[in-house]
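First up is the structure itself, then whatever we jot down about it.
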């Protein structure tokens, strides 16, 4: 009886969260890719992306969120983001420029810059997302 | 007097900064120390951002249509160049620096908090005094 | 005018929050005040045209930081013990530092000064504002500087985040849960400090 | 017009902050911080229109989101003293 | 792509890419292999840089191909090339040692995280050293700091956690001070590039701001470098960290901060400003001297070997700073030589201590009795590196001490020279005390014998490699001295870029027109 | 011949010592004696070169900028090297008897350290500059430390501690700054004829510098840095012999002579009077240590204080800054070296054969150990400087040197000290020969007094001593042979000091 009451009590949050999460994710993607034109960028997008998972974890319990996005995957993504960034830089080196030189990534300097910035922002976003989620997992893991 | 007003921002920031530093040094609660660190660092960010503000300026996101088509890149430049003659932008550089610094700050806070959780597990306390007493009782 | 008023009032909020944090012994309240502090600071950043910074400060300072602090507090006591004595030594040191800083600001470029060295440097501030769009094709100067001109800094920043992730993983990773499994839950109780110290012993053997 | 709005917002923010600071109960503080966050969202929106760059409403959205998450987190912490528990599992009770 | 042009970037890129690779591998052994590989590659790369810059060449590498003040650049001359070499070499050697050395101290399932932290630490340290951008140095300082907090906290007993936390607080204060300093410099000059700053400081019309920037950078770096009154974090950190980590840090971390201090004092603010106007030598020299005298005394009274060596480190840092404060070619080169030599010596000492801890589980000085019988090679290594620390001839320590005293006497600082000698004598006492116990004291165990074997070969070989190197540098001291005096010459040339003429600065100002 | 060759025999013999080890100890010791003879031969070749006025030198190894490590032969050094290499052979022979009959532990280690010490002495003897000298000096300190602490007992540890603390302390605290200061003042540390420190440096600086050198070379045992010498008495007797006659103390005074001659230059030193204040301390040391020697009943301790006193003779000789005095000092290194090593060998022989360490126990020992006691008499005469022993010549030359620079009062001190020498040294053979053998209960006493030897187990003399038949209880044959050898050299040098004089005539004073 009591439990049922509890369940009822959290129903609103649960539904709101379920509704909200896709929009938050969408917003994160918007911030990620619209960062060139407005405020935002990889870092902010990563945080917002992580925020979607955090609110999920807060409402449904972090164990449930772990099922959605397992710590193993998080760990890989964490490393992948950094690698993506660094390898973009190395790619510049291999194509004849300096480290992190985007001009050489594509035939024209401007589109090279475009791709370069896209790639590194993505790298930042992935790392920040996964680290933030990982932090949340670590701190919120159930004490009892 | 004018000087005083113009520098008022800086001074408040310095007061905040020192308050943060004071919390870090003088408070014996470990979490409080980290909160102090946050305040300290945030005030430093504020110091930087103040330097980049230009009176009458606006956020350093170029106003006007900039084409992101690759072919039109050349003309976009000239369009942007026209714009900047009329609009004053604040200095973007401190913003970039502070974006980095914020991230660094939160990373430090996260590591510090993780350490606190572990310290609490091992010592059963997050008070500097208690921990020190315990360390003295059983030096390793 | 409104702008200056906003800044002054918001700064006052910051000071009020800080004083609250210094004196409040309830850490939860301190965390809440820190959240307000960050939101206010982000507001000031907006007023100072640093929209990206405001964005980040809000997301990180008010969001992630608060959640991490709460996560930490959920493992620990959340009332600070009364401190027996005030630390006058620290106060003195901090005051000296503050006075030195204020001395340093006396001939700093005034707030909003367009001709200050920082804002007029031909190769940095001016170049970014005037040339970046042409050189990178990105209208958000902050993004272009962040990802391209100073992309190396941002790489460093990403690595910092990564380091923090690694550090927290190492500190609170799998092992901790194992401890939870076989230890009693009441580790926050200071009376059980001895049991906590026992645990440090089996950390070595528990590999 | 926007100036008046901003001044009004500042005053309400001051009131919210005083509640958050003075307490006395934790609910007062939570409510204080929540309404403070809401006012900030409004403030930023208003300021964006005042300076003629309303596209920065993005930031306001983030604030709203963060404010929501923060409040949920604080409440959850206060209720269960734990952030990660699944609120519906038996072992919580 | 010309490979040699890319060497500076590879110096950072290699360990930086190695770190996430370690995480992806999730295997302790594989992570070790990656770390060892990266360290060795870094060592080779920095050897190339030293070779290239030895004749006074300056290598400037523009990241992202953005020209210098706008983008970030690497600025490599003989001063930082040699520090790069020290850092990566120590890392390579200690990593070899860590293969066995870390296995007991660190839990098996955390090994890969440990090595990730290791690589991140190295990335950060190398990044600080190589960069020519003040803010970038701060960013990499934080990378290395975070990794260091992690490495220290992995220590085998719970005190390592508090040690890491205290270091975190002190380190963050230090880093924040550096950030403030860089900020004020930015306010005064509008630039972040060290060379550009050095050109603009003379025309900055806000001397107080520069002064405050200077003070904050100095204090921040003093904290990071553990210079005497601000050294408190070091003892705990070195004591409770895994010994392997201590061996790594003692050779690298403080040295890097000292390098940064050198760079700022001499090449960014300029000698005239730092020492003429700010009277830095009158502030820092007493601190350095008090440091090496007091800390040697403190080291005498330690009951734990690691702690003793930690305090001795603070004392040795005092020597380096004292050398620098003389602002003479001889003094600075003595300082730089001691940066190199002390890295070798102290790492070797901590590695020897690590061997003891590996077998004994602790390093209480009083219970080291019988060590010479049970672990003769380790004991011999400890004695050999201890002699080097004292400054006995034919060891690296002698070279640094000889030059330091010569520099002191050259400037007529009799008292300084005498105090260096006094502190050397105390080093004799505290090293001698340990050696005496190791050789003569009967073991304290109930059976009267110490039931331990010699440390494994994988630990002893790198240890003796370092010692051999310190002896080689003690005999062929010119190898290090020539690098150091080239470095001193470089530092004494003053600002990195010629000062701008004020008019041109105004002319080029385009804001608000 | 390149003086670098002198390092070869002592270093090359180490692998042999290790290889033969305890198992084949005869071969082990044979290899050392062979090495000793090779070394003697090399030094002799160098002697031939030097006597003809040549100065063979080695290549130099650049160490720090201009500073390098280099060896070169000059007369004083060659003299010292000859002495040391000759005594190495003899000491080894003596050790064979002593160490075996005394059943010392770790003999292999003992011989290795001994060899290293000899190598260090060689490099000190032929050092071409202060830096090399300093390095050799430190190497000698470190390599003799295991010898001092050989027994491993608490007393040995205590003695070793005093030894290392005083010697390392003075060398790092005083000698090193002196070397560096010299380098800073002159830009070189080379030994040059006539010295590198000119009078332009100023008397005060020179006086301080001289003080730093004299006190910094703790091995010269000037008061108050003499404590290590009696403390090092805990070592086995061959080591004491090495320390007090050959290697350590002689390296100290030798270094001082060399510094006086080639760093200061006799002219500078004499003209500035920089050494005068130390002369007072040195003369005080001479007298005070003679008086202390009087009070010591332990034979080795008395000999140690006698050494302290004699060393200050040489310090005085160095500081007098006259060529005659320095020549006398160099001769005294040799004369005193042979005489004192004889005395120590005798002390060791008495310990091994009769288990006696106290002078008061020696009554009537002349009956059972006549050879030893005769040698002891000769040694004593050598120290005192009475014919037919060689000490006379060196003492005379030092006395002559005092007159050169007008320090007449020093002659008085020397006379007084000689009288004291007679008092505390000659009394010992007198007791041994003319006092009757005491009642046998003194056998029990020696255990309570003899705290210096841990492994002083009762040793069955009957089984190993071949001279038992004659009613003598002498030490084992090798030891006895060594004693005879050194004591005869003491006499030989009285009648035939010419080679030494010839060599020392080649010293370039300016």
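Here the chain labels run A, B, C, D, E and F in written order, and each chain numbers its own residues starting at 1.
The definition used in the following text is that a residue touches a chain if its C-beta (ideal position, glycine included) is under 8 Å from a C-beta of that chain, and two chains touch if they have at least 3 such contacts.
A quick note: this is a predicted structure, and the numbers were derived from the prediction, not measured.
Shared contacts of chain B and chain D, meaning chains that touch the two of them, come down to A, C. Between the contact lists of chain A and chain E, the overlap consists of B, C.
Averaging C-alpha coordinates per chain and comparing to chain B, the farthest chain turns out to be F. Of all chain pairs in this entry, the one linked by the most C-beta contacts is B-C. Across the assembly, the mean Cα position most removed from that of chain D is the one of F. With centres computed from Cα atoms alone, the innermost chain of the structure is E. Centroid to centroid, with C-alpha atoms defining each point, chain D and chain F lie 89 Å apart. Chain B and chain C have Cα centroids lying 6 Å from one another. Chain A and chain B have CA centres that are 21 Å apart.
Put simply, the C-alpha centre of chain E and that of chain F have 45 angstrom between them. Multi-chain contact residues, meaning those touching two or more other chains, occur in chain C at positions 31, 51-52, 54-56, 59-60, 63-64, 67-68, 71-75, 101, 105-106, 108-109, 114, 116, 118-119, 124-125, 128, 130, 137, 139-140, 142, 146, 148, 150-157, 159-164, 166-169, 171-173, 176, 197, 200. Residue numbers of chain E whose C-beta contacts span two or more other chains: 16, 19-20, 23, 63-64, 135, 139, 142, 146, 149-150, 153, 157-158, 180, 186-187, 192, 511-512. Touching two or more other chains at once are residues 56, 58-59, 62, 65-66, 69, 73, 82-84 of chain D. Chains touching one another form the pairs A-B, A-C, A-D, A-E, B-C, B-D, B-E, C-D, C-E, E-F.
Chain A contributes residues 75-76, 78-80, 82-83, 86-87, 89-90, 92-103 to its touches with chain E in the complex. Across the complex, chain E is touched by residues 100-101, 103-109, 114-128, 130, 148-153, 155-157, 159-160, 162-164, 166-167, 169-171, 173-175, 197, 200, 203-204, 206-207 of chain C.
For chain A in complex with chain B, the residues that touch the partner chain are 36-39, 43, 108, 110-111, 114, 128, 135, 138-139. The touching residues of chain F, when paired with chain E in their complex, are 61-65, 69, 131, 134-135, 138-139, 142, 149, 152, 157, 161, 164-165, 168-169, 172-173, 176-177, 180-181, 183-184.
Residue ranges on chain D touching chain A, taken from their complex, read 55-56, 58-59, 61-62, 65-66, 68-69, 72-73, 76, 82-91, 93.
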